[in-house]
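You will see two complexes here that share chain A, one where it goes with chain B and one where it goes with chain C.
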Partner chain A sequence: MNQLADFRHTMQSCNHCGQCKWVLGPKTRGYDFAEICPIHMQFHFDAYSGQGLLHIAQELLDGELQYDPGLRDLVYSCTACGACDTNCKSIRDMEVLDTILALRAKLVEDGQGPMPQYARMAEAMARTHNIYGRPHAERAAWAGEPAGLSATTSQPAPVAYFAGCATSYQRPDIARNTVRILEAAGIAHTVLGADEHCCGGPLWRTGQIDAAARQVQENLDALQRRGVQTIVTSCAECFGTLRGFYPRVADFPFEVKHISEIVQEALDAGRLRFSKPLQTTLTWHDPCLLGRLSEPYVPWQGEIKAFGRHVPAKAWRRGQQGVYDAPRRVLGAIAGIEVVEMVRNEENALCCGGGGGVREAFPEQAQVTAAERIREATATGADTLVSSCPFCQDTFEDGLARQPGAMRYRDFTQLVVDAL
Partner chain B sequence: MEREVFTNPLRPEALRTGAALLQSFAADESGAAGRVPSQVIYPQSREDVQRIVHEAIRTATPLVPVSSGPPRFHGDTVPARGGVIVDFSRMQRVLRIDRASRSVRVEPGVTYGELIPQLRAQGLRLSLPFLPRANKSVVASRLEREPTTIPKYQYDYMDPLLTLEVVYGTGEDFRTGSACGPGTLDTLKADLVNPWGPGSIDYFRLVSAAQGTMGLVTWAVTKAEILPRLQQLWFLQASDPARLLQPIDALLRKRVLDECVVLNRAALATMLAGDGMRDYAALARALPAWTALLVVAGYERRPEERLALYAKALRDITAAQGVEPGRSVPGAPGREAEILHLLSNAWTKSADWRIRATGSSRELLFIAPMSQVPRLAATVDDVAAQRRISMQDVPCYIQPMVQGRGCHCEFVFPRLPTDSAAAMELDALHREAAAQLLRAGAFFSRPYGDWAQLVYRDYADGVAALRRLKGVFDPHGLFNPGKLCF
Partner chain C sequence: MPLSRDVYAELEQVVGPRHISDKPWILAGVRAAQPSSPMKPPSPEAVLLPGSAAEIQQIVRICNRHGIRYIATISSLIGFAYPSGPGTIILQLKRMNQLVEVNAQDRYAVIEPGVRHGQLRTELMKHGLTYPVAAVGPGGSVLANFACSSGDNHCQHGASRTNRYLLGLEWVTPEGELVRVGSLANDAGWFCADGPGPSLRGIIKGFVGQWSGMGVVTRIAIGLDAWRGPPELPTQGRSPSYRMRLDPACHKTFVFKFPTLEQARDAMIAIGEAEIAQAVLKYFNASAALLATESANEFWELWDSGLFQRELARPLYVFLSAWTHEELEYEECVLRDIIAEFGGADVDERIQRIYSDNMDFYILVGALQRVLRLGGGWAPCKLSGDSIGHMFEVGKAIPEFITPFIEQGRILDAPDNWQIIPLEYGHSAHIELLFLYDRNQPDWGKVPMDFMRASMQADIRNGHHGTMPLRTVAASQAIGALFSNAHMWANRVKDAFDPQRVSNPF
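Right, the complex of A and B next:
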């Protein structure tokens, strides 16, 4: 079930209720911060929403809509954040986000997509295995001097740290901090080093499925060679991709854990202790792929009967089993830290605005959403915005640069290392 | 120990015990087995209802709520175990017409016949069920999930029902959705239109289609819509309903249509026939086998332009589907204005259109996805053929719901009240057709009478859960015992 035609039931079931654009009524606290779809809150037309994209998908399938550049831009303006999917699924059994991703894949298949930026990214990735086109040899440079991470090896181990492109090339501090945390917790681990390729997430989410699947295979081979059982990530994009995409295209017998879950387990077991207080009031931004989009994908084949009854029963990913508690509990355990919540949190968190390739293709659009999220974060009274996604970090830091003094951004791993 | 007798907790004039009146509640068109109630009590406020419930708790007396006038069709108001009829017909206040929020708050005794003109005076209308009888309670109709003729305004099978005030079986009152508070109705800032909640449970679903078994509703908010300035009626005709449902699906997907209903020739002839049904036979001969009544409308802003646009869309989309729309009713030209009037008002030609032919009828109704309706309707034809019952004069109407995501399909079997043999044969057809429909995938969202047994028979887990819920909201088992799975 990954072809666009597989999602006809979803397209035909949409009854224009608009729930894909709003946080579910009982979970709102008023009109402010009640909207949830980044593109609908910006462009207002129904076409810019989960609902509209479902209709566009159906019209394309039925031959009632023809391709043009405007259509392509519209389809790729979506951040693929999955808020529509989660809110739709709060009242219905439909696969809104999977339909949108299948729509993108169809655009690629029909030679109408992706956006040029993503096509260039795929070309670079074929050569260098990372989204930036940087030399592959530099991928594991974060583990060398001056970090002095003596325990970082590429030897076989049951636990592997998967750093990802953005962390390896742009945010090496996150990788180093993650390894420091693993060492402090006494967790023997391996890294993939030069064998690590992009997780494939940016390709998957821009409709370039075949190219993404090639990355999957490379990584699976490297993991299996090292006898890995558990993959640890510090990047939400990698985390959500490993859990949500890999099982679609390959056998995937690995456990995937986020570093916040590792820290929480180590704290609970007494293997890790915080010794330094940090005086700050922070608010946690739930990255889409660590939160609502991080539930493991379970392949389903069967029959959709009248009124959407799936036979056999389907394991729906409704976004409520994301990694929500661990980062909050860990940060709350650091002396001096107060964690305050934004209105839109957990499965209803607003996207940073940069997801799904939007930051690359539509940077100004991404900044409008980021500004809205920063406004929400500021309204909590927090002085620090914390998350665990280098892509969110890029988007937020762009946004905060336009609002000097509003607040600062910190990665989760930095605060944990500072408190050790 | 002798059971204590229910004693009128209200004003003396609020209670009636006349034999003829009591007898009138002991049966209805469904033939459901029931008992004669001991009393009929007429509350006029929520406080009255609470007093009635407290007295019923004290005396362990079943309470059967009734809001609409006769005829009644589904057995849901027939007391299976006796008790007291709580007749809401004197709770007749239209509490609020809110044009800005397009909603109206009414007590359960307000009927379509009363509310339609009041809304029209304020430039509003209701999305009506197909030919609602004038004495039908608006609240009961919404609670019963009677399908409305404008699927465009329906986003959920519960629409157009919004928030409610309910008195539960403990005597406590409760408001659902955004009416829940905090504060009183006078201090609430909410407009009472969000039906969901409070919390994560949509309490209004518990009382909907519950046949009065979960609580007594003392007011409800229902959607109202802007009154069109211009309307245009179009017709499609075909020998097979599937040929009509395909273009209707396309039209609804593009949100072109307002009213939209598909009728077989018996239904349309029943609708159009004059006094005494004298011209019924001639009409039935002239009308096509199936006719779709489709309305496009223009509202307050640029109505002519909108109407022209929608009419063009209607023509283009139906042409693409190979169907020719017309402006004149096929087989009965010149009746277009009358049809539009009938679709927009309460039915007044007789007590109810369903009993027009013979004075009595038996209904078979279910919902299904639009694509499945022709196959399921054919199932009913097959069962009738096996039993050698003619379907020629059996009205059937197909009502797209929730923007065409589902359809209500209703067969109305005329019955001669004096012909008991034919009535028995009809009962047997009714039972067998329902069983076959259920097996074939029809959904009985409103499991009246015998259907409840069919629906709940293979649903043990659901029944257990429903009974636990019933125990919470009606812990003394007072409300309409013997209905559904209670």
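Right, the complex of A and C next:
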């Protein structure tokens, strides 16, 4: 794992152009919905932005800034949504989000972080292997009912469904729907059951790297024992963590696919067909870790030479290859569904507001962002907001509860199962 | 002078506790050194987020009462947005972000400081209107550019410079009086910059602005031009590989090369005389290579091939934008005649293809921040304006002072990395020389000042209006004589309006 000091080049390269705060020029569509940084649009001070966090990181490294609870709160107010990173990388060769995450890791290393809520989460995870502190034995309870989900097996298979904590404990319908989809597509698969631990994403993104790495190792062992080659997820957080974090701390010889990609492939191959129309106008919310932050991480060790030349060449993660098309194509293939787009979409999507631990530590702040995203979704004329992230779902459902009748939230897998 | 708690409390009373901070981690966000400079600016004493002109008036009066310096900023992109000395507070006007009015009939827009280029450009397109959008990215403040500085736009050949577009405005003077300038002063609306009698527009703006050195402009109207493109940008692809092509029946881009600078100059003048084309540029070549690539390594691969140096040493980029296909055909015929008459030729097909595929994007949206990709060591130079002929004289003299820097390896070997943008179909022009240097070199911090000094000395030797007079005392004194000693007049005006020298003084 890179340390904060490894990102000096990024910190020193920032020239305050502000691209980290605004939707990229080619994607801007008017006065409204033009901001992209959830914290900057709320607090307005430059410190609350990718740019500001780079400067804070540099001053901390240089000993010009001292720790303070207020500083800690600011660092953890960021949703780590990566919009700043993708936008900066549209024009620069900088690692804004990795710097922010390394800053959080430094706070933890120096005993100044994380937020108490995340420390409690890590304690719970050490005991129960999930973020909620719920009994580990209940992790695969979703597979027990209703009867007939035959594929919930722990037998070796080349394909494994990785459910994740939020799905397993809070949103079991998503897990069941995912298994139904895999069965309908004729994909033999295994689930890790009691061998599945938290993906580690919530720990990674709050700077608790050692604890996260322990979860990684547990999961890798379980996957390897089952002879798995491909991991399927229905949770954006798990998806982005598997592709973006695991290769940083371990050898990771697995292919990771999102359930929307599986459905798309099955539709294209004729192994799956939709038979029921669904009358709805929906808009797709790109979860950060399924979209711009989901590109596979390729480790890079090298030197930045004169005029920015990276030796050896670096594989940049610029947000271009996120999972954007598959969910849209799948949903658009269901009869009766009209997919309409929000202004801030794909790599320029606005975060739900709850990412990076913000929903737990700063719930009201998360709701301001969620309200903004719901306003944008409503402006499309859609009656349904659809995504594939149980964490986004929690944040949006909190927000929609404050706006009765605005629209409804549905998970991607539910619509697919409804249309089968 | 640090703020006393009493003064802080006074300011807090004005904006509310949520909109002021002197916490070190908040100040850290606005005191970092620019990557192009080795010098870190002094820390401000506080950052404020005022929400109205009335709040700004109160803040400014408090500053005058206590001798506190203030700077009004929005995006903080340029060095003038940072304190030049201790005892300064920063007013970030981001909360004042209303697009007050788009008047399509009289073709003006009224905006507050926090409205950004990305917002206004795309909002106006829906009305079939546009304006000269500075190539600073979507987050740049429109008001700051029109009222306080002067970033340029690639399409100024068919348009003009920002000072020509500024109409009515609302201004908090350095001492806190609220003044409405132009037609606005007579309750006649925003449509005109000037009323009877002397104009205050020049006090605030001139050819270049005062970089917040003359109070705070809180609302402006800007004149608008017709937009010949669609109501929404036809963007394809994903970051960073966007493509944007307007309707090829009405919009077309060309890149030509010329044997000599004189021929390029004469062609540029002739295109203006013919009153065709939306954009005409003698464009940068290293910057063009940066725009055409998506990483520093890709740039180096392209640059090391020598293609852009060979083909784009003396280019003209032309962007035709017409209402109808017939109009486009006419303009292309005229253009081809002019290019042939002055010895121009098409550039290598590989370059032409890059721009045919995507010039609309580069021209209209701009991605000039990509020039920063090489690691931060860069600076613009010259930046002044005069006739096209004079600007080319300035360009021809560049080798006089750039060659030693290149031979010593202090800057990138890109002596042709400069541009000339004609304005108003050739009535005048603007020049910019962009030089890039390597922050890894031990004495990199000396490069920008040494280079700019050499550039300015060349202008003084040659009597060229190449270097825009800066607000630094030394530069103004050195170059002022070439510009009618404008800095002396500016100082008198400053003394009259800002006797305590608290509004962003230098």
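Simple rule for what comes next: the second predicted complex is superposed on the first by the 418 of 420 C-alpha atoms of A that agree within 3 Å, B and C clash if a C-alpha of one lies under 4 Å from a C-alpha of the other, contacts with A are read in each partner's own complex, and residues count from 1 in each chain.
Rule of thumb we're sticking to: contacts are C-beta pairs under 8 Å (C-beta built on N, C-alpha and C of every residue); 3 or more make two chains touch, one makes a residue touch a chain.
These figures come from a predicted structure and were not determined experimentally.
Superimposing the complexes on chain A yields a three-chain arrangement in which chain B and chain C clash. Contacts of A:L24 after superposition on the shared chain: both chain B and chain C are touched.
When the shared chain is aligned, no partner comes close enough to touch A:G200: not chain B, not chain C. Looking at the shared chain after the overlay, A:G52 reaches chain C, while chain B stays out of its contact range.
In the superposed model, A:H16 makes contact with both chain B and chain C. The partner that reaches more residues of chain A, of the two candidates chain B and chain C, is C.
In the superposition on chain A, no contact is made by A:G113 with either chain B or chain C. Superposing on chain A, the segment of chain B with clashing C-alpha atoms against chain C, chosen from 274-282, 292-300 or 418-426, turns out to be 292-300. Applying the stated touch rule to the two superposed structures, the overlap between the chain B and chain C interfaces on chain A comprises residues 12-13, 15-18, 24-26, 55, 58, 91, 305-307. Chain A contributes residues 9, 12-19, 21-31, 34, 44-49, 51-52, 54-56, 58-59, 64-66, 68, 70-71, 74, 86-87, 89-93, 304-310, 313-314, 316, 318-320, 324, 346-348 to its touches with chain C in the complex.
Taken in their complex, chain B has these residues touching chain A: 154-156, 177-178, 194, 196-200, 253, 255, 368-369, 372, 402-403, 405-406, 441, 443.
The touching residues of chain C, counted against chain A in their complex, run 19, 21, 23-32, 34-36, 47, 49, 75-77, 92, 94-95, 99, 115-123, 126, 136-140, 232-233, 235, 238-242, 244, 294-297, 300, 361, 365-367, 369-370, 372-377, 412, 436, 438-441. Touching chain B in their complex are the following residues of chain A: 12-13, 15-18, 24-26, 55, 58, 91, 305-307.
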